[in-house]
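Just so it is clear, A, B, C and D label the chains in written order, and each chain counts residues from 1 on its own.
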């Protein structure tokens, strides 16, 4: 069973043109050279929640900054916590040392530490004789649809996601860590987008992937059009949930500069309608996999900032547009946003 | 000579209804009980820049958290630096002690320290025998229109702004610190707005004042409508400038909670089209003047977060709508955004 | 087999009187009313390292802020990262919300996430129907003595440490998480101390527990006497390792005030000879289990700061004094510091 | 009248050998190549305080990272706030951009902003056509001896300090910004020290200057010997005051690495007896004036950390040893610590 329907459109398929900058070849985080993405989607059972048995609506997503041994070839990185009501693993060391030495995994809140432990399995195997690793895991809470306490993501799923990572990869919606997530009251999950940034030193790509599990249906907006004023799900939810935003670039930035990059992702969230509500753990991870030591002047960063804001906004919109309806534990349901209605509203407001 | 034209409309006058929450009585930061605002506007001379002589297009704005001795009756506070390319004074002590003990002043970048020193004059006079004060000053750069190196704001102007502070006060645009500022390529300056937030403990007000000197004309949006796609100033500018955002509330929040409040203001900036470009020093000051020690649960903060995002977005829009064209030094000119054109665009996009 | 020798003296047994303030009844973190501590020590096998088999020289330590359901009765808290080369779990949420809702566990670096996952087991069992928990785990690296990749600490050990927590508890040295640790080139591990702080609002206790795995033998000092100038282990080590410092108090502090408390712990480390070397992940967790909402004025904090500095210095010294020699994997050995020699040096320098 | 007595000894003159690393040629911050220091000392009048008239016991100290136009040739930098009860100017921009573009000035608390404004005069003159500068000023409170509200440091003093900056410069004690300061209950002020750090990439210098106005007389220690247990000033003071610590190096560090450096300075303060009391604004500024783009591996930083801790401890000790008794406003007196007594105590404790 797969909920991931390739027929559902992305923002660009609806005619949206978000922001000023052009997107990359596939409008995905994997447009950043050498970045690959793997998803393992776990869907099993239905009906009443039986802790440890299911129903299972969860998964794991990994982002590999490059295809080589990441512990040996660390990437420059930064993190930013917009709203720290969340369990993300590995942030203090990135803040201190400015680098990531692990695949980046996204998953269900209560599976966070098992996934981190699985990354230790993976890193230990690849690096015998090394006794210290800093795994990076982000999470959102899929308890509404999933048997979250059951923690159904295991080490083998993490390995499979890593080994199966591909580029290009534009899987979105009900896939990997996104399987059980909710976006602005609709079914949410994984979304991605990218921007090409022309700098004096060359054209660089900024790619964003979001795990969207945040937002109030009344506030959803697409390219500024306030969808939530016209279209609401039948079953309104309380505002819970979170969002993970991963920003990748091949621009040769320092960790301090990546910190500046990371702080802009929340501005893309705001444009899509987010307000970082109390219960929303909103975490940003930004990395550069550039290998040359070219130097980007501070003054040139504005274009990259714009790329982050635009690609984050679009990734979030994609995560909602592309997600099919999912029925989870206890019959709890998140509906895929009705595409026709969205299209009509966008047209009536003159943006497509 | 006064550029401040009461005929220019605010967002609500154009029919805009930004966000979900109702605004306060005057839709201004002074809707927060006991908060008052004073502006001193300095406009003098024209023609070629002669350093130390003019032309002068600058001023100072003060926000008083309450009408009493602020050093004796400190208010709980927090600060947040979204983009630290700026000179704001007094932030480290607020971060450490969680309180403000000075009027909050906004002014021209290079006048920052003279204004801070003037606050020492004021605080020393009011509190003989006290030898330590932490003045709070925010700034934006008005060099495009003003003889900025001349530093024309003096202690007497600061005193006059304090003594003349009033409530309600809905002066906006080319007034006080906003006199020489630019917003999204148009004339910018001071803007304000407020929201009423219904919490279990009562209805509280969130008020925002922005000193808007940031933004790219192509990205300006109002209630989501992308004005910048249809309307650009004739003389495009490079992206420079900054924005100060001051958030006031009467909700009895801790300084940690106010820190959470402060981090949301940038989300309102994003909705108005901001991206916090490299050169934009984007600083947020948030305070609560509540006197009772009631306790707001974390879970209740979401409504206040929404209030901050909405009021910040609207304050920025007001700062642009209300600002008349100003001709400054060397004939440099910032045009007031043409209201008719804005109205038409909003109507065509179906938001008014 | 137990390495924990009650005959080895603490600092006070040697006649040391560190600092200005008196210590609590047992000079331990458990002097803070309602705080209890549990250790599970894992020692198994000897000889050549066989990954997954042993030798095992590790353990887990838990600190319970009070004896009740910690998720239901959260405690006010703060964290501080002096040197972020470490994997501690749960810090961002504490920074955001200012509270701890989990037992605090300390363990071996690579067991961090399994211990965190075990805390989920524990918290889930105690709180059915809750789907979000923020486990707190600190760690140091015991790879020199222990089969660290084997991750021998399991959920049952975590449960046993929680269920077996006691007060008073002055177990120190080779116990719990301290089993495989190194302190200033000597055998290190767990140490604890406390101070009584007389404030206008009453006498409050500050208790500190350190998991000491840091320091250069040449820099070790006790009450200022530079032991390392006179006494070095035969096998000098490279400077690796870390230190976890947990500060407890019953003073009714806000999370912001606890943040100030946390930043002082590193000053106690400095007095014991630490420099927070690159490889030393130095993390501080501070909490208050006060239940009344009394208010401590900022001005009164200085005495508490003094208490933290003094108790941290003494806890570290205790962690070294009390630790017996341990032979670990591959015959690797950390020697207990020779007490007679230490006594002589202290006497010769006139501090005892 | 000059209180600065070259006859008073430094720590090394007493035979103290603090730490493991050798000091530079003059054991001063000016051992870092290209760094120079200028002091202007203001001593005028005696007797009863008459605000605006005197007595004057204050001054200004400037540290120039190199002898060239600092705005044109910025230096890499970081800041750290150990205790934010202070008014330091310019920190947010250094945190954001990782560089300093101004002379670093130290002065009396209430003169902070006039000194910052004077730096604008200086920078504007040197850089016509530039309209944005980020002046850096640190401060301590000399109100006990000085007419602090009078703000007697003027722009001409700042210019004179800059123009008169020299290298080597080992002026210490009652000089420049140190004129009215108190250290551990004794007369304090300016102190300096340096360390040579041998790294794979070469030998680099770490130099520290402190403006010492902090500490409790009972806690003063020198090379671990607790002077305060044996020797107290006749007039004990309340614990007020602050300390500014400026760290310079020629090691080619990134701003993130300098941030790590900055966080260690407080450890040197702790060794000298500091606890960063509530009222002590403890701020650290660290910069590198390296011009080549060599790369220092993180692993090599430990030696530099050691250098910072040791040089900070020694600079603080020097600031107390070298300061003569000063009688200030209203006859308030701070006594120079009696050197003979200190010598005796050090000898009796076997460290010299």
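One rule holds in what follows: contacts are C-beta pairs under 8 Å (C-beta built on N, C-alpha and C of every residue); 3 or more make two chains touch, one makes a residue touch a chain.
What you see is a predicted model; the values in this text were computed from it and never measured.
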In terms of touching chains, how many steps apart are chain A and chain D, taking the shortest path?
1
Using C-alpha centroids, which chain lies at the maximum separation from chain A?
D
Chain centre separation in whole Å, for chain D relative to chain C (CA means):
34
Intercentroid distance (Cα basis), chain C paired with chain A, Å
36
Mind pulling the chain A residues that touch 2 or more other chains?
83, 96-97, 260, 298
The answer for chain A against chain D in the complex is residues 96-98, 254-256, 260, 298
Which residues of chain B touch chain D in their complex?
81, 83-93, 95-97, 109-110, 112-114, 116-117, 120, 124, 131-135, 141, 143, 148-149, 151, 281, 283
Show which residues of chain C lie in contact with chain D when the two form their complex.
20, 82-83, 218-219, 221, 223-226, 239, 260, 263-264, 266-271, 274-279, 298-302, 305-306, 309, 348-351
